[in-house]
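For reference, the structure discussed in these notes is given below.
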Amino acid sequence: MIDKQVKTLADAVAGVKDGATVLVAGFGAVGVADDLLEALHEQGARDLVIVANNAGNGDHGLARLLNSGRVRKVICSYPRSGDYSAFLNAYRAKTLELELVPQGTISERMRCHAAGLGGFFSPVSAGTKLADGKETREIDGRLHVFEKPLKGDIALLRADKADRWGNLTYIKSARNFNPVMAMAADLSVVQVNEMVELGSLDPEAVVTPSIFVDRVVVVGANP
Amino acid sequence: MIDKQVKTLADAVAGVKDGATVLVAGFGAVGVADDLLEALHEQGARDLVIVANNAGNGDHGLARLLNSGRVRKVICSYPRSGDYSAFLNAYRAKTLELELVPQGTISERMRCHAAGLGGFFSPVSAGTKLADGKETREIDGRLHVFEKPLKGDIALLRADKADRWGNLTYIKSARNFNPVMAMAADLSVVQVNEMVELGSLDPEAVVTPSIFVDRVVVVGANP
Amino acid sequence: MKPLTREQMAWRAAQDLPEGAFVNLGIGIPTLAASYVPADREVIFHSENGILGLGAKPEPGMEDENLIDAGKNYTTLITGGVFVHHADAFLMIRGGHLDVSLLGAFEVSEAGDLANWTTEDPAFPPGVGGAMDLAVGAKEIRVIMDHTDKKGNPRILRHCSLPLTAAGCVKRIYTNLAVIDVTPHGLFVVEMVDGMTLEKLQAITEPELQLANSWQALAPPAAIAA
Amino acid sequence: MKPLTREQMAWRAAQDLPEGAFVNLGIGIPTLAASYVPADREVIFHSENGILGLGAKPEPGMEDENLIDAGKNYTTLITGGVFVHHADAFLMIRGGHLDVSLLGAFEVSEAGDLANWTTEDPAFPPGVGGAMDLAVGAKEIRVIMDHTDKKGNPRILRHCSLPLTAAGCVKRIYTNLAVIDVTPHGLFVVEMVDGMTLEKLQAITEPELQLANSWQALAPPAAIAA
């Protein structure tokens, strides 16, 4: 019987290697798998590449990994969000590499990997500093930039409900990056508020199908 | 007040021009907007380019357009489905051009247009006859083919429920090409079984958001 | 002559949002526009984090921790609104599905080039967010910004001095002094505040301005917060 | 020596589908494999038209007009199954999310090249369907086909004579006579039907076959329809 639920947060993040690329879902503080990020801190992997929209807040979750010097590089669109002192300190100390990517390009590059494609041409950032060094092509009279697929070794996700196969639903804007990151990592790990019986999620309304999910851990209802 | 509902099938397909590219949703006989196809026959546009998975069945809907000589070209993955005599006759008479596209590439090319991208590299069909004449590129040691975006002037869609904004839900496997075609046409027209009050569709479970829909016509419950 | 307040600029931009339009409001002054859409019009606001049908700020105590807007403030969903995932939210942006993208800016050039993502302050890391996506995708890109910087220097320039967000994208500029259309034939002033003249406006605008034949007064109703 | 029936070939392929696997079954013999997954295993079948969790054929009278499989036959959804749209269904295929894609074939080469989409019959239009997508995307591509054509000519060839579906993709071939693994070191026979020898099998196979050290009998249980 398929059962993707693991008992502990430690089990959920077991096996993450040094140097791993970690997809960190969430937008601002919403839809972020804070408990999995804390567990990853405990787990101890170093030299991580983080893909996220923002770059941590305060000293918990992603910011804690940054403060502990576990992160080699951040691929994000907007580090300056909330109390981003953890990022700022590492950035100023030049102990951290920043790859700044337009927000939609982050998710599209991950979807590109998820869809088994080799890259795409996008008009976003064409002719700007963020396209420096990138291949360009004029298509239908418009300049485009070639963007490569982006994949994660692990995705740290947060959803509302899961069943034992790993079908997922979300709450409101906490959906954000979670579905696309679930598709784009070799190992997709999700913290949920609740496990439900197989068959109790509406087959028309599951947002992330089970095929994209590897491990599920229950962290209890939202605070 | 936004109200995308039109009264008649004729209103729904009004304005289709000769030479238009028509996205015809459905897989086999499921999720096909047969009534809109019949209305398009009445409307009279000629020289059409049809994008669909299959190429018509019997002498109704798409097959009727083919039999009436209204179609210049079919872009599809599998014309040989059901009673495809309408297609076969035109194909043998050489009055019809066929562009054969791998099934997943059809929907991905439409999504590419919908997403505002200029094209993508796909491993599908690389090294085969269907890639003849196409740009290729080796990416990470694997041969890829460059695929261009595909857009429709109009999409003929079938859904279950709509609200006055055009939010849509589908029934089971009748979803198929409908959501991606809704995103990929300048004018998206949908026949639905039922109009519901705005707000009565679950915001977490709407499959096609209103932004992709232009006209809605009620055709009554499925037979 | 009385320049418009932020609220009045937002009010002015809101008047141009047509019935049934799908609109993305950038962070800052553009966000304020949502409150000034005429009551008889349905305009649907899009938020890059995955909301179509963004509503007003929640009443105090009614905040939903799972419902924020692009500015990371608590928000609400209007009746008919839906949630989508991030890649779909940006498909809407980049794919030309939005009717209007209303953005803040540091600078706009006479060719409609937009600079709104970085001031190149070396002390801080750059951040781009959705600025570049929003600047290329919508059917129409409009900007709200003060006509000059704090020192009185023009922000409408021959060429942007700051790094571009996107080239040639801006079609209309709402400032605290005027409404200006960016056209292939140059910049046309379509509205000016009471007491403003083309000459005075030109003095604080780098590229040449032309006065539209049909120009009129830029006059928010008294009720809009001054 | 008794060649396997279609049902027996499907049975054999089904035995290799592991617990928890996501599997796409091609039209024809592969579809039959769904019925032969051991009862204690959960295997989740994918259908290209947008179903994850394809079930058995419905009971007569219980057909749902909105629920068909890739072969356009009425089907059912198992508990836990979900519906997705077409682009997402092919994202699953192309993106390596399926564990196994089990396909029919006209020909397979010793390099694992697959030809299964056209016989180039000039009287009929070609059709490719999802064949090329399925042949490149899954973690493992396996083929079920008769060992020879109706005239007894080999279908496992040095080089495919028919147009390719994809190059170098096939990892295992289930025929009515044997199970053969396609490896960088050549074709290895891992199972043969009772009475078959490597010599006899080689006579109807174009490229060189090697017998795996661990080879065993290909012997479906008596209960599987003969």
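In order of appearance the chains are A, B, C and D, and numbering begins at 1 in each one.
Simple rule for what comes next: contacts are C-beta pairs under 8 Å (C-beta built on N, C-alpha and C of every residue); 3 or more make two chains touch, one makes a residue touch a chain.
Just so you know, these numbers come straight off a predicted model, no measurement behind them.
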item	value
Distance-maximising chain from subunit D - centres being C-alpha averages	C
Selected pair, greater C-beta contact count between B-C and A-C	A-C
Between subunit B and subunit A, distance of the C-alpha-averaged centres to the nearest whole Å	33
Length of the line joining the C-alpha centres of subunit A and subunit C, rounded to whole Å	30
Intercentroid distance (Cα basis), subunit D paired with subunit C, Å	56
Distance between the centres, which are taken as Cα means, of subunit C and subunit B, whole angstrom	35
Per-residue multi-chain contacts in subunit B, two or more chains	108, 111, 115-117, 122-123, 170, 172, 203-204, 207
Of all residues in subunit C, the ones touching two or more other chains	77, 83-84, 90, 93-94, 136-137
Pairs of chains found to touch, sorted by chain label	A-B, A-C, A-D, B-C, B-D
Residues of subunit B defined as touching subunit C within the complex	1-2, 111, 113-117, 163, 165, 167, 183, 198-199, 201, 203-204, 206, 209-212
Subunit A residues touching subunit B - in the complex, by the definition given at the top	108, 112, 115-123, 137, 139-140, 142, 144, 169-170, 172, 202-205, 207
Contacting residues of subunit A [partner subunit C, same complex]	27-31, 53, 77-82, 87-88, 91, 98, 100-105, 107-108, 110-111, 122-130, 170-180, 207, 222-223
Sites on subunit C touched by subunit B in the complex	19-20, 22, 42, 44, 46, 52-53, 77, 79-84, 90-98, 136-137
Interface residues, subunit D side, partner subunit B - complex	47-51, 64-68, 72, 77, 83-87, 89-90, 93-94, 124-133, 136-137, 163-167
